[in-house]
Amino acid sequence: MDDQLRIFSGDSNSPLAREICDCLDITLSRLTIARFSNDNLFVKIRDNVRERDVFVVQSFTEPVSDNIMTLLITLDALRSASARRITAVIPYFSYARSDKKDAPRISITARLIADLLQTAGANRVLTMDLHADQVHGFFNIPVDHLSAIPTIADHFQAHYDLSRLIAVATDAGGAKRAGKFAERLNIPLAIIDKRRVSDARVEQGHVVGDVENREAVIFEDEISTGGTLIATENSLKRAGVRKIHAGAVHPVLCGSATQDLQASDIESLVVTNTVRMPEEKRLAKITVLTVAPLLAEAIRRINSGESVGALFR
Amino acid sequence: MDDQLRIFSGDSNSPLAREICDCLDITLSRLTIARFSNDNLFVKIRDNVRERDVFVVQSFTEPVSDNIMTLLITLDALRSASARRITAVIPYFSYARSDKKDAPRISITARLIADLLQTAGANRVLTMDLHADQVHGFFNIPVDHLSAIPTIADHFQAHYDLSRLIAVATDAGGAKRAGKFAERLNIPLAIIDKRRVSDARVEQGHVVGDVENREAVIFEDEISTGGTLIATENSLKRAGVRKIHAGAVHPVLCGSATQDLQASDIESLVVTNTVRMPEEKRLAKITVLTVAPLLAEAIRRINSGESVGALFR
Amino acid sequence: MDDQLRIFSGDSNSPLAREICDCLDITLSRLTIARFSNDNLFVKIRDNVRERDVFVVQSFTEPVSDNIMTLLITLDALRSASARRITAVIPYFSYARSDKKDAPRISITARLIADLLQTAGANRVLTMDLHADQVHGFFNIPVDHLSAIPTIADHFQAHYDLSRLIAVATDAGGAKRAGKFAERLNIPLAIIDKRRVSDARVEQGHVVGDVENREAVIFEDEISTGGTLIATENSLKRAGVRKIHAGAVHPVLCGSATQDLQASDIESLVVTNTVRMPEEKRLAKITVLTVAPLLAEAIRRINSGESVGALFR
Amino acid sequence: MDDQLRIFSGDSNSPLAREICDCLDITLSRLTIARFSNDNLFVKIRDNVRERDVFVVQSFTEPVSDNIMTLLITLDALRSASARRITAVIPYFSYARSDKKDAPRISITARLIADLLQTAGANRVLTMDLHADQVHGFFNIPVDHLSAIPTIADHFQAHYDLSRLIAVATDAGGAKRAGKFAERLNIPLAIIDKRRVSDARVEQGHVVGDVENREAVIFEDEISTGGTLIATENSLKRAGVRKIHAGAVHPVLCGSATQDLQASDIESLVVTNTVRMPEEKRLAKITVLTVAPLLAEAIRRINSGESVGALFR
Amino acid sequence: MDDQLRIFSGDSNSPLAREICDCLDITLSRLTIARFSNDNLFVKIRDNVRERDVFVVQSFTEPVSDNIMTLLITLDALRSASARRITAVIPYFSYARSDKKDAPRISITARLIADLLQTAGANRVLTMDLHADQVHGFFNIPVDHLSAIPTIADHFQAHYDLSRLIAVATDAGGAKRAGKFAERLNIPLAIIDKRRVSDARVEQGHVVGDVENREAVIFEDEISTGGTLIATENSLKRAGVRKIHAGAVHPVLCGSATQDLQASDIESLVVTNTVRMPEEKRLAKITVLTVAPLLAEAIRRINSGESVGALFR
Amino acid sequence: MDDQLRIFSGDSNSPLAREICDCLDITLSRLTIARFSNDNLFVKIRDNVRERDVFVVQSFTEPVSDNIMTLLITLDALRSASARRITAVIPYFSYARSDKKDAPRISITARLIADLLQTAGANRVLTMDLHADQVHGFFNIPVDHLSAIPTIADHFQAHYDLSRLIAVATDAGGAKRAGKFAERLNIPLAIIDKRRVSDARVEQGHVVGDVENREAVIFEDEISTGGTLIATENSLKRAGVRKIHAGAVHPVLCGSATQDLQASDIESLVVTNTVRMPEEKRLAKITVLTVAPLLAEAIRRINSGESVGALFR
């Protein structure tokens, strides 16, 4: 490993950052994040980074604004401290969902964040499972966009009877993602067709595809309130599904998501650690797969100039 | 109409540009496009544009590279001729399909083109039915992104028996677009689930959704070789569909598309004039709807500072 | 008043924004600020802003990161909604305190924020009493930098016996600001000379200047925890001051500041409303002067192209 | 040779690219250029370029727009594939002729192309015999501008009787270039003085200089239709020249140029291979000198950090 | 005249600036240029320029560095004072001569200055007779490039017997400029062919063209030391010229130029007032034509949005 | 020492540049600075700098505009000569005094210069004792900002009796700087309180702090005309000071400063060599400390990637 490599971690997911360092057999470099009495953030890089190849790990989880500001300030501090190259490692880039202008006079905030990261000093970005692949194009700097779908699919392959499984997308927009998951496992696909009744109300979804008597795996990029998951569960049960599982990359699990999930008939949920999950949310029915080896390998290749594309095979 | 408004047209679709001018009751401004003997393009703006609000209409149709270069040179000439504001009106932005990095070491060319337009001097863009809504976010300048889906849907509403219709997306990636069309007509949705057998080969699609004995409307953003359309037709026939129609915004219709379409069992195809269709391609079964009034109204509102968002209701 | 003028308000200080609108006899324009379940912010501009001259009022008060992100997203939404000119009105720009690199490997965050504002779409900034005048130079866009020092000084002139007053700066860095205040009232100046004992500890300040038997007015740009104020009070009492008042532009008053102030021997504190002060902090000994007329007049002049410099006389 | 060096070739002149690689004893790296059915271009880099020093060879020959677009897309793909440094090697930069604004409302397209190259990701440019030296200044990135004039002059020195030769510029604008050629061979200079009769018509040229009974070498940067060459031949014959030769760097030779040249009394033409010349154009009277060793040496020096200026001696 | 128009003048040529104002019937706006004791320049704009259309007249004459710095500081002050549009009017852009890289490791300073002007805040440039037309392309902002050649040619037409005149370029690089002059007067052209003997020494020029018994007009863009003029005079006399005149746009006339010119056999010299000529240099044989009406008309058209190109007819 | 390191010197302070090279045991690289007859500057880099780590030493001393232009042209030449990294070493950045907008419609010229340096090609800046620490934030490129205050303080510690010393700031704005000096020596602080009587006139200063019977050290960043120094001397004498010394980093000493200083009762003045001091100014009472070792060590660390922050301890 190049001794010029430095990995720092923001506040949002330091267990993941440490695990990445363990995979690479290096020590996490040190920075101090503080807050002045007027609620302004302050970051101090504590190791020399001149001419180093620096990576900063920060997920855009709650408190999102603080975590983004911390990352921006850290990038700026690293740049002015003469780091040779700065890569923002953002396992969960939550604003990717704000990726289009589906109402007048709103911001495509994912693009804004991409620009802010570059303004603050990021030279590259390493991220995972953006809500839409197109968000990659919002960046004017090189991006390595990894996917945990193979990791999750492999888990299903190893532990489930694929012959009865069917992948389910929770809406038309998610068909492509669920399709990738289904293709990898060579199982069929269904989607939930939802209709907007009014600006404010969306009618209950209708299942498109033949799910009767099958075991469904609802597949999403992120699970936030879990509301969509529960609604999909209901649609599927009405359509005669026997058993329901779920898979998702980013386990945001906010509000009453954990309780609702526990109370639901969803038998198992497989997620990753792109979002730090506190102990109290770790239900028995949730399996958390680690993305640390994947991120570590990508960092190693970026640092040494090897192909990261080869990781996607 | 503000007498400061100037509309120019590139080579690709001047009938549409003239129709837009007719809607606005103004004269198309003049430019000369020439080609030097060394195959270099040359553009001369022939009307004074100082402090004017200028629009240039150019679709990215064959020959695409020449049409893009012509637009870039025109934008540069307008800027250096001191136009106050320059809007690139691109009814068919073909490179929008290159919107993600689904293989290593390729270009997200839609983003590149967005940047080139800005470098050349575009201050705004007015476009229609981008392959993915996210492409909007590739631009760092204001974009008005119109859709002809309502226009096409209204045509179906007026001329077809909706009670038997079902909208069909040709793959999972198109589910969202076909879903919008279906929602507007309040008809059900089906999608074709295709699987990649190897890097080079995709297996025949499987229909997801209940299409038996219905009348299908295959809905796409663009029809190029028509190969996908014909393949979908075959899948639908095997699945028991009685009658097949198609709708698409951009009628590229290259290669043997017109002949194949004529020979197929697709009964009717409804498209728009974002792409100029020469007489010899105008089959009896093809209906061409005009987007000129929509573009003209958007141009009028941009020029006068009225809300374009209101056009989307 | 130009009917092209639009004033919006972020969450941080809408009473001030409304008061500014009252001064200008216009209605506050509407925007919606929401928060998705994954803690991402969402802003929707609800009035048409095409070709309008738009101002957004937002102070960088607690929660600072949320308020900055809200402003950035609002600026981006306004730009993509084709506002003609966008002015960020930031009555209290808290990060101005991070204006130099007094330790290795830190960020000059005030400069970073200036760059982020520009990246997000701000064309101008209107702000008040930056911690240092030099912060003005961090911006690459025009800035109108107003001061409430005359407002506060005028209040002292009207209600206090100037003959016994002496202005006091709480440290050497604040000497210039307190000097301006003193000059305007034509009263003498003293400063507190503090010494750093170690990296972590600063020794109690020593009063430089002749304060004995005078009435002191401690003058600062902002009062945050109030700790400096209380420490200065103690130094002054030891030096024989008879009575102590205080003046400051930005009343952050966080933590136990209000209680500590109440308990202290500081007889009166004069501040402004650049920072919104909730009812429970409004002690009898605090006088809040409004800066709304000043900001309103600056906005009116920016909008109509009159000299803002003339406001400084 | 640094094993970090990678040379790619666009479509326009791969024989030259391969010859350069031979000179450097390395293998041409691989890329795929394809065209989608909608006439959009597609480029895939097939060798890993992370942290490599990459050169792309592409001349702006017919079809010029396609070749420029291919180069821009290739540059973008290389940048996003994390190449360390990207040099666009453009042996024939045809748009250099659009280098000034000699009519209102036209584009200085050479500057536009320079900007587009930078937008697409070029870090440097290596080019040859630009139409005017000033075009160098259109680039904001480092340019190495080589000349084949010494190569061509050396050929004349070796194979012609210099004592009777006189260099001839085809118009006043070319006097400087022909002068450099004449100076190197230490032969006299003449120029053709042309006058514009109307906007559309230029009268036959008048020879300025003493050419009677001499052997003329018409010297130009590029030969396109050959029309200027033939007209100059006629002027020279009228002025009593005995024998006529020609030299030019870039043999575009479009339209009927080859036939006209064959039919003319021009006895010999010496050019280079910056433009690929198909077999059918290779007349016996044309000598093609190779610039591959010159470009190869420049690439070697750029890669290894040696002075390229020393090449000009 | 638009009352929003403001014209300021730097130190270099305020008589010309005042004459321009007279042509436009407006008052020169006021600024103060001062110098601190540490030799730093200071500029204060004394009239309100908010939302005004501002022009600053400054020639790059001796002291060139001070005049450029003054212009840059003025542009910056105007921008930060919220001028709506700022045009740098540079009648004599002396650095245009540094327009190519004819030696290794030098700066194309004309391009650098173009970039500096833009960095400092210039939105447009209005200039005259750049050393090469290509320098126009160094600017990324709109440039109006006027020529005084017609003005000077008209003077010769009115006061000289054209039938015996021949235009003479002082070297091959100036052939195009002298050719334009000759074409306008419909007189023949000759050029001086100079050869570089060594890096340091250039041999005496040889006259190319038939000048015997004619009256020569040496035509240049600028006359600096006058050395080239005197050398050309000598070459022409040796070649049998009967009488010698000279024309040039920019009369720099530094060093002993005035004395040498007086002592020479050059009978008359026609120049313009782009460079301020002090009384002591105004020899009887020098005629100074004013460019003020031309610049004034261009300013009027830029301000009112009329075609400036029409001025070139 | 990395053999890739190259140090060049502009005209302003080559003795310092040579001394820095001596400290690093390398040879000063060569460049030629010339002036054309039209007063345009010309710079030629005479050593190959491709891929080298280049430093250019230039102080902004009289003639300031020429020295800044020379530096800008040198930076541009180095960039176009493919230097890998270019650091502008500016020991005395005089325009730092123009750091705020304390009057309407003026330029914050320090920010402008920062932008110009970046436009011209500077990748980093190394400077000393900027007038205000905030000026650091005007740069968008990494800056290493060193201070000679410890060097000067150490000299006082070694040669003076600290027990009687008191540091004196010449105005409120300088309190912080003098405070740092006082803190380092652990001596008390006084400041001169000056009041503006009118726009043009400032009344004589009043001493704040207890200076009677002490020995004063007036401490400033730069001494220009010396007027402030003499005025402060007078105030101090009136306040009963026994002996007066002075310290300053940048000895500009223009106009009659040297004579006035000689004639004054200031007993000794300690400065550095950031500004070259000609022999005739070297009074016996002036001690010049060298900053060469400090700058050399910073250059060594920048070049080798070691922490420069560690220098500040």
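Note that the chains take the letters A, B, C, D, E and F in the order they are written out, and that residue 1 is the start of every chain.
The rule we apply is simple: a contact is a pair of C-beta atoms (placed from the backbone, for glycine too) under 8 Å apart; a residue touches a chain by one contact, two chains touch by 3 or more.
Please read these numbers as outputs of a predicted model, since none were measured by experiment.
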Those chains which touch chain F and also touch chain E: C, D
Numbering shared by both copies at the chain D-chain A contact, with half separating same from different: different
Longest centre-to-centre distance from chain B, chain (CA-based): F
Rotation angle (°) superposing Cα atoms of chain D on chain E, nearest 5: 180
Distance from chain B to chain A - Cα centre to Cα centre, in angstrom: 32
Distance between the centres, which are taken as Cα means, of chain F and chain A, whole angstrom: 50
Where chain C and chain D are represented by their mean Cα positions, the distance between them in whole Å: 62
Multi-partner residues of chain D (at least 2 other chains): 48, 80-81, 101, 103-105, 108, 115, 143, 307-309
Inter-chain touch pairs (all): A-B, A-C, A-D, A-F, B-C, B-D, B-E, C-E, C-F, D-E, D-F, E-F
Chain C residues within the chain F interface of the complex: 99-105, 108, 110-111, 115, 132-138, 140, 143, 145, 169, 172-173, 175-176, 178-179, 182-183, 186, 188-191, 193, 195-196, 206, 208-210, 307-310, 312
Sites on chain E touched by chain C in the complex: 48, 50-52, 79-82, 84
Touching residues on chain B, where the partner in the complex is chain D: 36-46, 48-49, 60-66, 68-69, 72-74, 76-78, 80-81, 94-95, 97-98, 101, 103-109, 112, 115-116, 119-120, 222, 224-225, 227, 252, 254-255
Partner chain F, residues of chain D touching it in the complex: 124, 142-143, 301-302, 305-309
